[in-house]
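Okay, got some structures for you below.
Look for subunit A in each of the two complexes below; its partner is subunit B in the first and subunit C in the second.
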Partner chain A sequence: MEAAAITKPEREKNIALVGNPNSGKTSIFNDLTGARQHVGNWPGVTVEKKEGKLIFQGQTYNIVDLPGTYSLGAYSEDELIARNFILFDKPDAVINVVDASNLERNLYLTIQLLEMGASVVVALNMLDEARARKIEINIPRLAQALGVPVVPTVATRGEGIKELVATVAKKVRETICQPLKVNYGSEIENELDKLEQIIKQYAKLAAKYPARWLAIKLLEDDMRLQEELQKEGARQVLDQVVKSKKQLNEILGEEVEAIIADRRYGFINGLVKEAVTRRQTLEERLTLSDKIDSIVTNRYLGLPIFLLAMWAVFQFTFKLGDPMIGWVESAFEGLTGLATGWLEALGAPQLLISFIADGIIGGLGSVLVFIPPIFLLFLAISLLEDSGYMARAAYIMDRLMHALGLHGKSFVPLLIGFGCNVPAIMATRTLENRKDRLITILINPLMSCTARLPVYVLFTGAFFTAKQGWVIFSLYLLGIVLAIIMGKIFKTFLFKGETAPFVMELPPYRLPTLKGTMIHMWERGSSFVRKAGTVIVGVVVLIWVLSNLPLGVAYASQESLIGRLGTILAPVFKPAGFGTWEAAVALVFGIVAKEVVVGTLGVLYGVEEDGLTAAIAQSWTPLSAYAFMVMTLIYIPCVAAIGAIRRETNSWGWTAFAIGYSLLLGWVMAVLVFQVGRILGVG
Partner chain B sequence: MSSGLLPLEFLNTGREVVIKEVAGGMSLRRRLTELGLVRGSTIRIIRNDKVGPIIVSPGDGSGGGRLAIGRGMAHKIMVEEVG
Partner chain C sequence: MTSDLTVSPAMQDYLEAILELAEKEGVVRVTDIAAKMGIAKASVTQAMSTLANLKLVKQERYGPIELTPAGRQEAAKIQRRHLLLYRFLVEILGVDARTAQKDACLIEHVVSPLTLARLAEYLEKETGIRHEEVGGINEGKEAVAMEALEAIDTRALSELKKGDRGRVVRIVAAGEIRRRLLDMGVVPGTEISVEGAAPLGDPIEVKVKGYHLSLRQKEAAAIFVERL
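Presenting the complex of A and B:
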């Protein structure tokens, strides 16, 4: 023991950060770690893992920011991650961030941490807001009742952070930590005792879990733990659980889980009564937030205000982003020219020059042009979120979205999709329910993004000059209608089961801090570049290879691999009216980015952009052109979107599904348009 | 019973009520529990527009917490008025 104690201080200490959503946990994390942060993923799941370092008195602390949760059950990925980290990674201390103006609900999580036997330091945060609401908290008394240190903080202003660090440094040196015992009443306590005794007979279980905690969780119907016990063959424990639950049901006349929750809150209420005094008049209870809400979420004003806010976000993102896209494009054009010139001077073979210029640099360019709008959009979204408005937007849209079987929260990502599907798919992160999130991701590419507009403009310019606006509008509308239909279908067949009940927190409005918003934006934007970027560059390089093989063919000619592929694919599109190899190749290239369809057709018909309209008017009909636009709208999301889908679903299966269903749907719709049109004698 | 057990859905803005029962499955109750809406807890109705979700405040409204509850859910929460 002694020897170990001497070498110990060298070791990095692990500190976990736990707390409710909106408790200011992120601010505390930023205060503690500054810029020394690292974002990764928890193994096997999409939830982000944020870590950061803190050095205090020569000791390094590794701070792990666990997902914000209200509870430590096993009913969401977030909860399970937080719980497993505390149980199995055994952090040296756990900082539990508690919102002082919402004490009861926040302490529900604290109690669960203490029941697990975690070594907790409570950061009693947002004390300024509590004071403003005339809530007085007797901190020593609260600390005594909980049996752990409580440090008052106001994270947005950095107050109390030094004290927090000092307290944590002291806490990690304590070795013994007794789990808190809530008294659940003699009936339940009896059964808990019995269960504990049996659990202790299974050495493996007893080593892995605190026995009393495991017993409580089993009575609470924790499915994960039951499954694990089944695998471990802990028959006797499971049998006793069934017996105990039956027994308790008879005595108490109710589900044990509900009673355990009641008793926990009973314990909390007793504690709060001891330590908290509230002295508000009735009028003072209506907060400034409530007053803002009475306008912002008003039955009549809510929707117009929301639409105005969204319009502002779009203007901000795309008006400001467009010139920046231009800069990125010209920077890459310059780079291509430089590299080509330099390589030619070196006497490099033409193929290598083309690979570097068109393949690698072109590929990188196609990723990087997305950066300005993505960062701007995330900046706008971060501002809306950090100020508390996003929760109101979901509240306002809930009624409308309900008709689709979706949540109010799904609306924002769908709307963003009209700008660009990539940030839109990433914006689905605000949805807690995985099913809702998957549906929203899957139907998102049906929102016609700005990249599809050049294709519409080209074809409508060739055939529908008189009614150009209406034809383009009909395509946007078609996308929305299909999204509604597909959403319904997915909901009915793929994601059966009840709609997640709509209940969400409306956090008080807050002035976002510059630092917090910038960090927020940076995390989201940079993770797109890293993860989606690799997929995009890969596909671009692949298409370059296909266009240049076999050796010696003209770039993307009918003799190249991609030309041959187009020739093979062409008959498939015959029923849709555009069964030419050029159309097929354009569609294949369109996967890189939908606007590439225009450029590709230009190359294939051997004309510049201004001659393209005439070339198309010759070899297409209005009907086949419309069918082709429908196809372009629906078929396969662009590589950037595919990358985002892969990243956000964390599943190649769902990514393949998104590609497959949209391809099929696009083909069916295009054929439908062409055939019905022919029967009706249009075109 | 006659003393007025009502679904939360029907209570007007400004009322203070005690939750008496949640007539729903365990998954619904779990979600409510972790947000602080358990049997016996007092809540104050901040806004009920008769359409769209209801805004409530757990406790007597003195805390800063505000929750939006969908109407379907509010239909299953049985409450009794205080005072």
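Presenting the complex of A and C:
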């Protein structure tokens, strides 16, 4: 049999990687696939899909890293994705990463996998940590009790990975996999039997789902499956579910799902008792992690430490990133000069030279300037997450953020937004709940990023020299207030329904690994270039085309397409006090990057940056200038942020919404400022 | 006889308390219920919204609580069940009133309708009185019931202080929160200890099954524990 299997050219084997968050699943994935990774999205959702290749003894394995989950229910997108992949994509084997130092809760997922009849190999990870906590696990006994291979690993040091691969290679050749049967007690078992019998009468259902598993899930009130059964017209099954639940409630006097969860944990308890010895009770020993927590989440020290950490992340990302951005910029300036000289020498037409230098190279430049802050931020975030501090940050900030209708984990992305909205939007990945994530993404551009500062400085310098600081501060404050209001509005009207539970694990503090951090950083940076980059280059080229056509016009003059667009748009901004074509064109350019507004005004007024303040003081009033700054703050996120929104929401619809609402809000606020100001007689 | 069983034991306790207060005071407020049952107002508010969802109580915002006809029927049924058990313990088994009161409180949540029906038949045969004809329980029931409750010391997890330990008795949340808690190992019978609270007071940190978990106060209010 085996010889025949080897001689045949075998297809690629699919291996799924499943495990609790913080179980070291990502480390195992990195160990297995190295740099051969591909990051995408699961179709139609914001959840990221990671795949990688592994070649072992001439056989290629495609490893799919499923989202980290605690269970395989139907409440979260993550759980549904993981469950559907195992049920419908039928991977040849499932590697279940289990944290040995937290065995009971981790095995809860294992049991569910086994109940589904998945072909499981358990990677018993973090054995070093378990040993440090005096937890001794009898691995052969655990394997025997579970009925599947158990391979000890310490993924952060690459220990046990070879054995894991060999075990998986053996496992994929096994064909029969009997689902595990947890005994739920005679009362529930009776009802399960009845349900199973009826399910088996529906051929379509029986082919799609393991009958017993489906019966259990139905008793557990799984809404997705109930809906599906309704669509399939499996009336008899649903009727029996209602009857069974009623019957069980009468006998057991408690809700069935609690009893099922209880029995599962009871089963695990039995396993753990058999295979694990603890040489010291956990209660007696204060772990190092507990000691750190007693300081880091301390009632008085917790907040200051948190703010200090955030300040450090911010400084690290932007103070360290700024000079690097300078390098990228000067590199691109050099490149532009080089290309221009070279093309001129070849005698290329001026328009082509400009297209390549300003359009293409300029476009690429505006993507790559984001690389330093994105890499640095994700280096910092990766350290925060892998060390376990990110969970504490959410824990500390949740009270405040929850009052605003958000989640504790929303704080970090919003704070980063003051530096740059692009990495900030990408940082919303840490939020598991889709609603919380979308709201945090949508309001993020209202955090006044550093690119808007040059605009504020220019206009306040021209009109508010005495109170420059206060005026700029008022704009930052306005952004925050609007973010809070919009967040509430979105929550009330767009994302109705139950608030997501906060119930969150506080994992023990761990030392992050260099490899994990580097891969995480590289992944984010490169995915930004690939996914958001196309959008950014596209828009930059489009703006170039608009500024240079029709042929023969001066760059961005009133006769160019963009100038004509500005002339058409100008009346729209009249109620806001800046109804000139120059202002409108500057705003269009501002979509490329908000600081470009300043340069554009310089070109349009025909002055250098030094003379700009004087030029502006002539054609604007303090009030219209303030309204214009408000507009610059709010209207349309810059193209890089748009690219990031598109990438992170995985939806053009939400991207369009983010653009549309901010444009409308910006206009309304600018008009409000100007009109109210006029009535009050300011300016 | 079957509909009451969709109401969880904790909710049954609430209904019973509301009915008793309504009969004694007329108007029922969250404060009264909290005082009577010896639990936090936040827990009561949470429970009232659950009961309102089940259409068992009506409550205008910040107004008094009223039982709906269905709720009244439900509560009456629970009260009758309590009385039946109490009578059986006292009249047939000769248990003293105090113990009977305490045990009836416990048994009423787990006993099956079938057993109850047989008990009623047996009681009728032995005493010659139909259970339906018996009026309210004798004086002093409330005081005894309160004492009994205190003796078991069941309270919401949110009321425990740092360092306190308890055993999960039941979870009164529904939907996603309930599911999530069960998945995370917060199942009846599990030991749970309060490790602390965030600097702003909410959420709290607990230890369960050997690991640390954080929950909002509101979520902790839905977990009833027996203090250890």
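Throughout what follows, the second predicted complex is superposed on the first by the 670 of 683 C-alpha atoms of A that agree within 3 Å, B and C clash if a C-alpha of one lies under 4 Å from a C-alpha of the other, contacts with A are read in each partner's own complex, and residues count from 1 in each chain.
As a convention for this text, contacts are C-beta pairs under 8 Å (C-beta built on N, C-alpha and C of every residue); 3 or more make two chains touch, one makes a residue touch a chain.
Given the structure is predicted, the values throughout are model-derived calculations rather than measurements.
J.: For A:Y395, is the partner it touches subunit B (first), subunit C (second), both, or none of the two (neither)?
T.: It touches subunit B and subunit C both.
J.: Counting only touches as set out at the top, which of subunit B and subunit C does A:R105 meet: first, second, both, neither?
T.: both
J.: Can A:E250 be said to touch subunit B (first), subunit C (second), both, or neither?
T.: After superposition on chain A, A:E250 lies in contact with subunit C alone.
J.: Looking at A:S27 after the superposition, I want to know if it touches subunit B, subunit C, both of them or none. Which is it: first, second, both, neither?
T.: neither
J.: If we overlay the two complexes on their shared chain A, which of subunit B and subunit C does A:L303 touch? Say first, second, both or neither.
T.: A:L303 contacts subunit C only, not subunit B.
J.: Just checking: does A:E129 make contact with subunit B only, subunit C only, both, or neither of them? Give me first, second, both or neither.
T.: In the superposition, A:E129 touches subunit B alone.
J.: Once chain A of both complexes is superposed, is A:Y265 in touch with subunit B (first), subunit C (second), both, or neither?
T.: Touch partners of A:Y265: subunit B and subunit C.
J.: Looking at A:T287 after the superposition, I want to know if it touches subunit B, subunit C, both of them or none. Which is it: first, second, both, neither?
T.: first
J.: Could you look at A:S662 and tell me whether it touches subunit B, subunit C, both or neither (first, second, both, neither)?
T.: Once the two structures are laid over each other on A, A:S662 reaches no partner at all.
J.: Starting from the residues of subunit A touching subunit B, keep only those that also touch subunit C in the other complex, and list them.
T.: On subunit A, the overlap between the subunit B and subunit C contacts is residues 70-71, 73, 75, 102, 104-105, 108, 255, 257-258, 261-262, 265, 293-294, 297, 299, 391, 395-396, 398-399, 498, 501-508.
J.: What does subunit A use to touch subunit B in their complex?
T.: Those residues of subunit A that touch subunit B are 70-71, 73, 75, 99, 101-105, 108-109, 126, 129-130, 133-135, 221, 255, 257-258, 261-262, 265, 278, 280, 285-287, 289-290, 293-294, 297, 299, 391, 395-396, 398-399, 498, 501-508.
J.: Applying the document's contact rule, which stretches of subunit B touch subunit A when the two form their complex?
T.: Spelled out, the residues of subunit B in touch with subunit A are 24, 26-36, 38-41, 44, 46-47, 49, 51-53, 55, 57-70, 72-73.
J.: Which stretch or stretches of subunit A touch subunit C in the complex?
T.: Of all residues in subunit A, those touching subunit C are 70-71, 73, 75, 102, 104-105, 108, 246, 249-251, 253-255, 257-258, 261-262, 265, 282, 293-294, 297-300, 302-303, 391, 395-396, 398-400, 402, 408, 498, 500-508.
J.: Inside the complex, what are the residues of subunit C that reach subunit A?
T.: It is residues 2, 5-6, 8-9, 109-113, 170-171, 175-185, 187-190, 195-203, 205, 209-216, 219 of subunit C that touch subunit A.
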